[in-house]
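Just below sit the structures, each encoded as structure tokens.
Presented sequentially are two complexes of subunit A, the first with subunit B as partner and the second with subunit C.
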Partner chain A sequence: MKPSNLKLALHLAPTLGILLILLGASLAYGLAQSLGYLTIIGEKELSLSAYQNLISGQGTAGREFWVSLGFSLWISLASTILSTIGALFLATLLNRRPSRIDTFALNWNLAFPHLVWGVLMLLLLSQSGLLARWAGAFGIINTPADFPVLVRDRFGFGIILTYIGKEVPFLTLVTLALLRTQSEGYLLVAENLGANAWQRFRLVTLPLVRPALLSGALLVFAYIFGAYEVPALLGVRYPRTLPVLALEAFTNPDLHARAEGMAISLIIALIVLVIAGLARAKEGIQE
Partner chain B sequence: MKRFIFAILVLSMLLVGCGQTNESAAEFDIADWDSVLVAANGQTVNWYMWGGSDSINAYVDNFYGVALKERYNITLNRVPVADAADYINQVLSEKEAGVKNGAVDLMWINGENFFTLKQAEMLYPDWAQAIPNSVLVDWDNPAINRDFGEPVDNLESPWSSAQFQFIYDSARMDADSLPRSYADLAVWACGHPGRFTYIASGPGAFQGTRFVKGALFEISGDAAQWGTIDEALWDEWSPKVWDYFNEFKSCLWREGETYPKDEYELHSLFANNEVDFSITQAIVGAGALIDEGLVPETSRAFVFDNYMIGDFNYVAIPSNASNKAAALVLANLILEPEFQAAQVLPENGFGLGFGIDVTRVSDPAQVAVLEEALQNLGEAATPAEDMAKSLVGDAASPYQAMVEEGWRENVLIGQ
Partner chain C sequence: MKKNLLIGIALLAPLLALGLFAFSRRWFYPDPFPVEWTTQAFSRLLSDSRTLKAILDSLLLALIVSLLSLIIGYPAARVIGTRDFPGKKWVWLAIFIPTVVPPLAIGMGLSILALQTGLAGTRFGIILAHIVPTLPYTVFTLAGVFERYDENFEYQALALGASSTRIFFTVTLRLLTPGLAVAGLFAFLISWSQYLLTLLVGGGRVLTLPVLLFSAVSGGNPTTISALSLLFLAPPVLIIAATARFLGAHRVLRKSKKCFSLCALW
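Let's turn to the complex of A and B:
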């Protein structure tokens, strides 16, 4: 190890130490509970029954496990793909006319927590929300039920819409940061050689931003997959995302249900870790 | 290096923080109430309760807080919490961490939380029938000595009572056109598609579960038979209950695709004119909700002719509470007839019913105060005779989970 590396390691040691202790202890504790080690009710025998319940679709939370997994994947995939596409186009568009106002607007959006964004969507888009009231005032609809179901819908459109509203600005900033450090030269050369707008986008811009955008998208996916608040606020009673299902099992009046809740949490953590690892590997290639 | 020292300091502070213990509480003997009062003198009682209602918070501070200070030199620290499950978890975590002097002294709980803490053996035992005012409580009443069907076993003491009721808007509907049974309700719902829904049955949403239980009672024609667990009876009647709910599912709000998750979501649908009924447990009916601005001022409460489940809610003391004496004094204070009378009056903001049995109060002046309070429940309350006529007790405790599981499997998810 080079001396500078050693110094770096020493500098990071306190932070990493605390993080590892806290995270490691939580993980170990979660793993123990998922295996049925529930000291609060005197259960000390380890078993895989919580995991068996999930896989076989039985038990308090296990009954909904596969549906929830599919629903979580749908929400995360749809939000990520749509946000990435949106960010790509927005960044390409903004890159041609640099200004401070756009980055300010994008940063401003980042300052809002997802929860606030979710509440906003609810107030705006629910069947008795602001838009529905305007529609009613203008005589477009007669009763709240005439307004289309945009939030708390079975397909999670409201959740996906919320995430798109939050993640497009995030990914746009990531992409713009990269684009604006590149010289204008590539695009000018391509333009001089007769490339049209689509060709310039496909052959110049896209290859430039792809690695950063892809790892950004993976992070977004991992975040959405593990997030609780937006699906809890804007979701329906069934199907539910995995984090919502996990917390309900954890707070179930019957303490035995905690094992399943913890098992779901660990499965979420595992999937998120794999995705984050992929993102990390992508960044490695990029470097 | 400085940073390293700082980190060590932070870590050591964390460790010290974990190991810190309070002074052990003064000794007392619950059989000798004066010794409890002496021990409680100067203590602060940390009362953890659901804090989502400003009017209930104000009632607790203005009535109990003031009286505790003036009469017993006890400071009330009301800790408002978003969900009872949060302080249940606090107590459970303290048990796992081996904390002897817990943060929670008294908790307002319902049958679900009671079941959890009883299962974890985290309740201070043998006190509820030992406090002086427990003589005012009708401990022989199964509705009191069982909480959501689970035996109370001297582990918690009642605070107030509640009964399942519906709310309608008198500006939108005539009292004559209200459904008065579950059978009526299904007909009404299909005559008014999309205008009715109920709270999803499930853990943490007992109002929804109670609504389903009422249907079980009506369809089977008898509430009392559900007081003890009987698998054969369940197998006979539960499929008919799921049929009942599935038959009018498509007439519900959002065609039964989803349901409100708690009473506040339902109140908001009702207030926004998306549905025509809400649900409440309060003895003052819609009164307290009107004062909070959650439902229209013309809202009124009503009940079906039968099978409206009524029960009590309780306070309990965690076995690791730091200020048990003060918690006992507070649990005793809330049973005083003067406060029992105050809690039912809508203008005081609490709005739940008596926890005590009025016939056990001997002082005629106190009886008069209690009876006068009952005469002043406000126009948003369900008429007392309707309430009494429709009152039934809860089913035995295993039915709670059976109803919730069955409803989810057969009605929410469906075939």
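Let's turn to the complex of A and C:
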């Protein structure tokens, strides 16, 4: 090896070594357990039964697999689509009147982890929450039970609302960064040529931001699809999202359920990786 | 001006809402605002040894994790930012993947690994687990900084006879301070807010603030939940507020915007 190559390898070794060992070991152990390799109960024979259970809808956790998959897809899709539309609208609006405080406002979002955002939604939207109290004080509703069930509801509205609140600023930031640096000239020309606001949006803004926004949206989808905290806090017992189902099965005293939990979690990881790969491919095209 | 005021209120609204609950006493439906105010929730939390220990543990873990991420990530970031080499794309990919694999999958695997190696329930195990998501962000941010870093300053110092230690401390470190600060900040925030990895590797034996908060939510007392949330929010809010101008405008970020925005997903 050339000395310069050796130096290069030595520089990269700590980071790559630690990441590859930890990630590799965790995935390897995960895979082994999902295949029924449970040293704790002395089971060392590999089998695909956990995966078979999931596909055929049997077993402790497998019973709920398809329902949970559907529910996860619904939550992730609805949150992503609504956040993307909101971000597009907000970014177009903010781009018209640039101001310092906008960027600060969007960065501010960083200070609030998803966990706290979920807690806030519980406090605001539950039937004895702040909004219900205000509605009651103004005589709009009579009892807390009159307030619509928005958190811990069957359809995951609370979860979706939480993600929208958190992801709109993120996607707006992505879009706005692009608009602020690239759109001014095009928009001026379009306006000079007599394009109205809708035409400027459709013919200038949208094509300009589409690749970046799309890749951002894919990342958001991937994140939400694999996230545990918010659906665990704001969800109901049934239906549950895949990550909630996976963790519950993984901590189940019945050790066979663990294999199913681990299998679900690996399936989630696989789906997330494919989507994130798509997002990166989109970014690559854009560059 | 009016618009700024509105935005200001909107920004503070989450904190105000948490404050309403945290300082309230016997606040029942349908009173729109608390009738009685109290700081009891905070004094109870701050005199509770479990909470105090959680605060200390969270701070300590996040500090150690960010420091380690900087030290481990520095050399890699340097060559990625300043050199072109074959296979660079693959190196990027290898560092990118841990940022997208859900903590759930990493945590479940690592919890088995930790059980096998005796690291389960130890702070060291948790630190290792936290490094998986923080290290990539540190490397990405620092690599962005190094792309605009002029190594000639170092050569000049070398030509003037400075030792390599001296060059590192008086030239390199000085030039890189803003970038290191931002990278360390990201790592701190990610580690500070980490719930799943702590839970899975810590096995409930190491209680950090997010773990306490999560279990408090299932308990369901809004006053305690809000007070805990405010304690949990204090460091990130202070850090972001203090560095916001610098985060928005500083050139460090223009290059590393991509990973900055990725960081928003933590």
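Of note:
By definition in this document, the second predicted complex is superposed on the first by the 273 of 287 C-alpha atoms of A that agree within 3 Å, B and C clash if a C-alpha of one lies under 4 Å from a C-alpha of the other, contacts with A are read in each partner's own complex, and residues count from 1 in each chain.
One rule holds in what follows: a contact is a pair of C-beta atoms (placed from the backbone, for glycine too) under 8 Å apart; a residue touches a chain by one contact, two chains touch by 3 or more.
All figures in this text were calculated on a predicted structure; none of them were measured in a lab.
By the touch criterion defined above, A:I18 reaches both subunit B and subunit C. Legend: residue contacts after superposition of the two complexes on their common chain; A:R63 is shown touching subunit B, with no touch to subunit C. After overlaying the two complexes on the shared chain, residue contacts for A:L10 are found with subunit B and with subunit C alike.
Between subunit B and subunit C, it is C that contacts the larger number of residues in subunit A. In the superposed model, A:V149 lies in contact with subunit B only, and not with subunit C. Contact with subunit B, but none with subunit C, is seen for A:Y238 once the two complexes are overlaid on the shared chain. Applying the stated contact rule after C-alpha superposition, one finds that A:I101 touches subunit C and leaves subunit B untouched. Once the two complexes are laid over each other on the shared chain, residue contacts for A:D254 go to subunit B alone; subunit C is not touched. By the document's definition of touching, of the two partners only subunit C reaches A:A269; subunit B does not. By the touch criterion defined above, A:S128 lies against subunit B and subunit C together after alignment on the C-alpha atoms of chain A.
In the superposition on the C-alpha atoms of chain A, the part of subunit A touched by subunit B in one complex and by subunit C in the other spans residues 10-11, 14-15, 18, 39, 128, 144.
Contact residues on subunit A toward subunit C in their complex (touch as defined above): 8, 10-12, 14-16, 18-20, 22-23, 25-30, 33, 39, 99-105, 107-117, 119-120, 122-124, 128, 130, 132-138, 144, 169-170, 173-174, 177, 216, 219-220, 222-223, 225-229, 232-233, 243, 246-247, 250, 261-262, 265-266, 268-269, 272-273, 276, 280, 283. Subunit B contributes residues 3-4, 6-8, 10-11, 83, 85, 89, 92, 95-96, 112-113, 115-116, 119-120, 122, 194, 200, 202-204, 253-254, 257-259, 261, 269, 272-274, 401, 405, 408-409, 412-413 to its touches with subunit A in the complex.
Touching subunit A in their complex are the following residues of subunit C: 3-4, 7-8, 10-11, 14, 17-18, 20-21, 29-32, 72-73, 75-76, 78-80, 83, 85, 91, 94-98, 100-110, 112-113, 116, 128-129, 131-132, 135-136, 139, 189, 193, 195-196, 210, 213-214, 217, 222, 225-226, 229, 232-233, 236-237, 239-241, 244-245, 247-248, 257-258, 261-266.
The residues of subunit A lying in touch with subunit B in their complex are 10-11, 13-15, 17-18, 39-41, 60, 63-64, 127-128, 143-145, 149, 152, 154, 236-238, 248, 251-255.
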